[in-house]
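Below are two complexes that have subunit A in common, paired first with subunit B and then with subunit C.
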Partner chain A sequence: MSNAVEFERVSRHFGETRAVDSVSMQVEEGHFFAMLGPSGSGKTTCLRLISGFERPESGHVKIFGQNSEAVPPNRRPVNTVFQDYALFPHLTVRDNVAYGLMVKGADKSTRHRQADEMLELVKLTGFGSRKPGMLSGGQRQRVALARALVNKPRVLLLDEPLGALDLKLREQMQEELKSIQNQLGITFIYVTHDQGEALSMADRVAVFNEGKIVQEATPREIYERPRTHFVANFVGSSNVLSPTLSVQSGGPSRWMSLRPEAIRLCDPSNSKLKGTLQNIRYLGASNRLSIRFGEEELSVSLPSTEVAPEKGVQVGLTWEEGATHVMDEDH
Partner chain B sequence: MHSERAPLGLKIAAFLGLAFLHLPILLIFVYAFTTEDKTYQWPPPGFTLKWLEVTWNRPDVWEALSLSLQVASISTCIALILGTLAAAAVSRTMFLGKEAITLLVILPIALPGIITGIALRSAFNLADISFSTLTIVLGHATFCIVVVYNNSVARFRRISASMLEASADLGANGFQTFRHILLPNIATALLAGGMLAFALSFDEVIVTTFTAGQQQTLPIWMLEELVRPRQRPVTNVVAMVVVIVTFFPILGAYYLTRGGTDISGSGK
Partner chain C sequence: MELSQPRGLLDQWSDLFWRKKAILLFILLAPPLLWLGVVYIGSLLALLLQSFFSIDEFSGLVNYEFTLKTYGELFLPANYDIILRTVLMAASVSIAAAVIAFPIAYYAARYARGKMKAFFYLAVMMPLWSSYLVKVYAWKLILAKEGILNWAVEGMGASILLNAVLSLPVIGGNSLSVSYIGTFLVFLYVWLPFMILPLQASLERVPLNLIEASDDLGAEKRQTFWHITMPLALPGLIAGSIFTFSLTLGDYIIPQIVGSSRRFIGQAVYQHQGTAGNIPLAAAFAVVPILIMGFYLWMAKRKGAFDAL
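Our next item is the complex of A and B:
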């Protein structure tokens, strides 16, 4: 498999801000690649470096092996689904979708046929003659998707495409996006700050912080073996054990990650750690217990079927060997 | 306590205010049909349509009218191009001294016309440019640009940057983006600005006085006629035409900008 997009030590600074700071990454062709990070972490700037709306100050952005610096946005084999959709308000939905074909000089019947095919793909058959202003947020999102796909891009860039949708619609669109990607087999590069979205959809996830990639791996690896403190905190709700606590539990004097569902309650006498049950939150399928150890706190996920102890009692915690994972220091 | 209906006193005051503004204009219309041609005598001794014919046959009226139309059209065209470019630069890009430029662009309309007039006149003199239709056009363009600029800068601000990026992203070059995305979204603002600019130029007196040579635009011609009465009602007939010619573009501009509020601003 070849690389669709490749960053070679790419930097983009805005004045004092290092929006993208010497980022290197490879996106394999046909992959669903998620760029995950808090706002201002550089992921959207990376996307704009691929679409061509930003130029790198140093390093190279390669698209299918070609240096892209000299190629303007309108001649790159990539298309973007914008965060605010950026639909053209004065054009009908069909003309919005057909826009890419129109500027390439396709004749009217071809344009309409292909636009209608795309609208069918995103389940908006029959909406062609409406104006974007008459559509709901979810429908606009689909139009933006169809409009970007009509050009048959080899890479589709998506900038927080589901950010403005409500939860139910978002989950539905996640599935649809994934199935469209499978169907078309093109590379998706997906920017999001929602770790659930990134983990459930992507083949590879790059976690961004302060303009750098902190970890780039499969979703499972990111979740189970976060490389740093930041990743553990940002992706999911992994516990972070300080070196002190780690030593107490019989581990090395290093920062460790430990997933809440890997911890079991046991008799304090033969436990790895003893702490006070601080709080219990009912989450439906499970209970989330906060257990306090002096300054630190660990959360434990307990199936609702198990009876949880009373608040304030001392509990013992244990886990399988290998459930903990040694992390690097941040920076 | 607020009541739905305005008190009677307020209504009368509002009515009187409007009457004070508009009755004199009606008076001009009435005098266009009077039989008396030396003084403005009230009530008019009789009514006639002969002044329409007299006006029609006066070559000086036609000359002034055609010059005015020419000047207004050319200044409007210049203003449409330069005003739109200035608006695009100010609203779409960041550059050093942007605030200063913004102020300088709108200054000519805040400045008294007489200052603009004197300044231009001495500048033309200094540059040894003889006064002609061209100098009148340049004078008018200074304030026409502002009108077009003000109209389109507001519209430019409402066009999201990502819409233009989306166009480029989909493969459009700069000209295609302008033609298919930008122009349709600013067209009504340009039309409104252009109409206002045309109307302003058409009845401008002060700047014209300073920048014209021997030529007479319509308003200048009217001023001369008032001082040197000769077939006085002819002036009134012309005044009536001027009111009609300037009223409709302004009305049009009003409706266009009012209806144009929902043109852009989808997204988010």
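Our next item is the complex of A and C:
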């Protein structure tokens, strides 16, 4: 398979701020590629480098193998679903969706037919003659999606498209987006700061921090084998064991990551580590226990069905072989 | 913790206003409404009423009987010419002002920041600070045959061009200061800020991401301009043109100082209610701009100019 988008040591600085700092990555055609990171980590700038609203200071952004620097946004085979949808308020929903066809000169009946087909795909049949102002957040989101997809882009860029929706709607839209991507088979590049969203939808995830990609891998690998402290903390708040603690638990003298849900409580006499139960937070499906070892603290996720011990008692921790993962030490 | 009590009369009032919001609203709105209602709308109605009376040709006295005769007089060739002339002037001033104002307003809304923006506001507003009469007389001197413009044109050896323009029928004349072109230039100068400011405000409110979305969907710059920027800035354009159009329709000083001796509506009103003593005809003339503006707004609304509001 060929690459839809490829970054070759791309940098984009805004004054002193290194928004994107020598980023290299490849997005395979047909993949659902997520760019995950906190705000200001450079992921949105990367998206804008692909859509053409930003130009790299150095390096190359290749779209289907071609250097894109000289190509303006309107001549790229990519379309964007904007964060706040950016629907045209003076046009009806149908005219919004048909806009891309209209500017390319499609006649009225063709573009209205295709727009209505797209509205059907996003389950908004019958909303064509309304104005965007009369729609709910979720419906606007769908219009924005239809408006981008009607142009049959080879790459669809999505900039935190579900950020403004409430939890229930967000989960529903995640499934729909994924199924639309499967159905159309086009490349999705998806920017988000929600790790759950990235893990559940993407084929590949690139984790951004301070303008750089710190890890790029499959969701499972990112979750189970975080390469750095940052990835471990950002993607699902994993525990990080210092080399000292790792040795105590019978591991190597290296920095290690350990998932809270991989840890079990056990009798202190045959445990890997012994610590004091510091705090318990009730999270609904589970309890989050903080356990102290001198200077360090580990969190343990305990299903709510199990009885949590009293605060302040000594507890023993154990885990399966292979639950720990050695990380790059210098991060 | 106890509920605290009002201390003194002022506190009691503010408590009352909190409980009964309508009282505060009434106190705030009554004076301006009284002013608007009685002084402004009242005098406007009095004017309207006057226009339905007529003047007795022999005695020169107003005949207080309901008639449409005075309105009929508006259609006499001499009067009809005045209306047509004024409307054409107001329309050309508005169109020219829009064409000149658009790039300035666009630059100010999209690109000017910090100091440049302050400079923009200053540059646009400053002419409004000086006296209107001073500006008009200054223009008379600039445009006069002995004026600086003529001198500069002669210096550049372009007199032929200026003379060619001045020799045009109707809009030409002996010099710029006694031609329609001169009147037009002064109107344009004096009302231009009233076009720039609302246009700039409406362009500022066009979100940048809509422009990007249009770009992203494959539109060329000119398509984005006509399909997105223009429709969204249209309310500002209409607001600006209402200023330039109605101000030109009503003005009676500029055409008197700069221009040919042919009259505009404002001058006609001025003369009929003053020297000629024909209040009914003056009133009928004064109703014309009101009708034209009403029609203009109705058309603009019908064409969807305010849909983006």
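Basically, the second predicted complex is superposed on the first by the 328 of 331 C-alpha atoms of A that agree within 3 Å, B and C clash if a C-alpha of one lies under 4 Å from a C-alpha of the other, contacts with A are read in each partner's own complex, and residues count from 1 in each chain.
Methods note: contacts are C-beta pairs under 8 Å (C-beta built on N, C-alpha and C of every residue); 3 or more make two chains touch, one makes a residue touch a chain.
Quick caveat: nothing in here was measured; it's all calculated off a predicted structure.
Novice: Look at where subunit B and subunit C land on subunit A after superposing the complexes, then choose clash or fit.
Specialist: clash
Novice: Given the touch rule stated above, what does A:Pro268 touch, subunit B (first), subunit C (second), both, or neither?
Specialist: A:Pro268: touches no partner chain.
Novice: Regarding the shared-chain residue A:Gly59, is it in contact with subunit B (first), subunit C (second), both, or neither?
Specialist: After superposition on chain A, A:Gly59 lies in contact with neither partner.
Novice: May I ask you to decide whether A:Gly133 touches subunit B, subunit C, both, or neither, giving the answer as first, second, both or neither?
Specialist: So A:Gly133 only meets subunit B here.
Novice: Regarding the shared-chain residue A:Gly251, is it in contact with subunit B (first), subunit C (second), both, or neither?
Specialist: neither
Novice: Quick check for you: in the superposed arrangement, does A:His90 touch first (subunit B), second (subunit C), both or neither?
Specialist: both
Novice: So which one touches more of the residues on subunit A, subunit B or subunit C?
Specialist: Partner with more touched residues of subunit A: B.
Novice: Check the residue A:Gly30 against both partner chains and state whether it touches subunit B (first), subunit C (second), both, or neither.
Specialist: neither
Novice: Residues of subunit A that sit at the subunit B interface in one complex and at the subunit C interface in the other, please.
Specialist: Shared contact residues on subunit A (touching subunit B in one complex, subunit C in the other): 51, 53, 72-75, 78-80, 82, 84, 86-90, 99-100, 102-104, 147-148, 151.
Novice: Using the touch definition from the top, list the residues of subunit A that touch subunit B in their complex.
Specialist: 51, 53, 72-75, 78-80, 82-90, 99-100, 102-104, 132-133, 140, 147-148, 151, 164
Novice: Which of the residues in subunit C come into contact with subunit A in the complex?
Specialist: So the residues of subunit C touching subunit A come out as 207, 209-210, 212-220, 223, 227-228, 231-232, 304, 307-308.
Novice: Mind listing the subunit B positions that touch subunit A in their complex?
Specialist: For this pair, the touching residues of subunit B are 160, 162-163, 165-173, 176, 180-181, 184-185, 262-268.
Novice: Using the touch definition from the top, list the residues of subunit A that touch subunit C in their complex.
Specialist: 51, 53, 72-75, 78-80, 82, 84, 86-90, 99-100, 102-104, 147-148, 151
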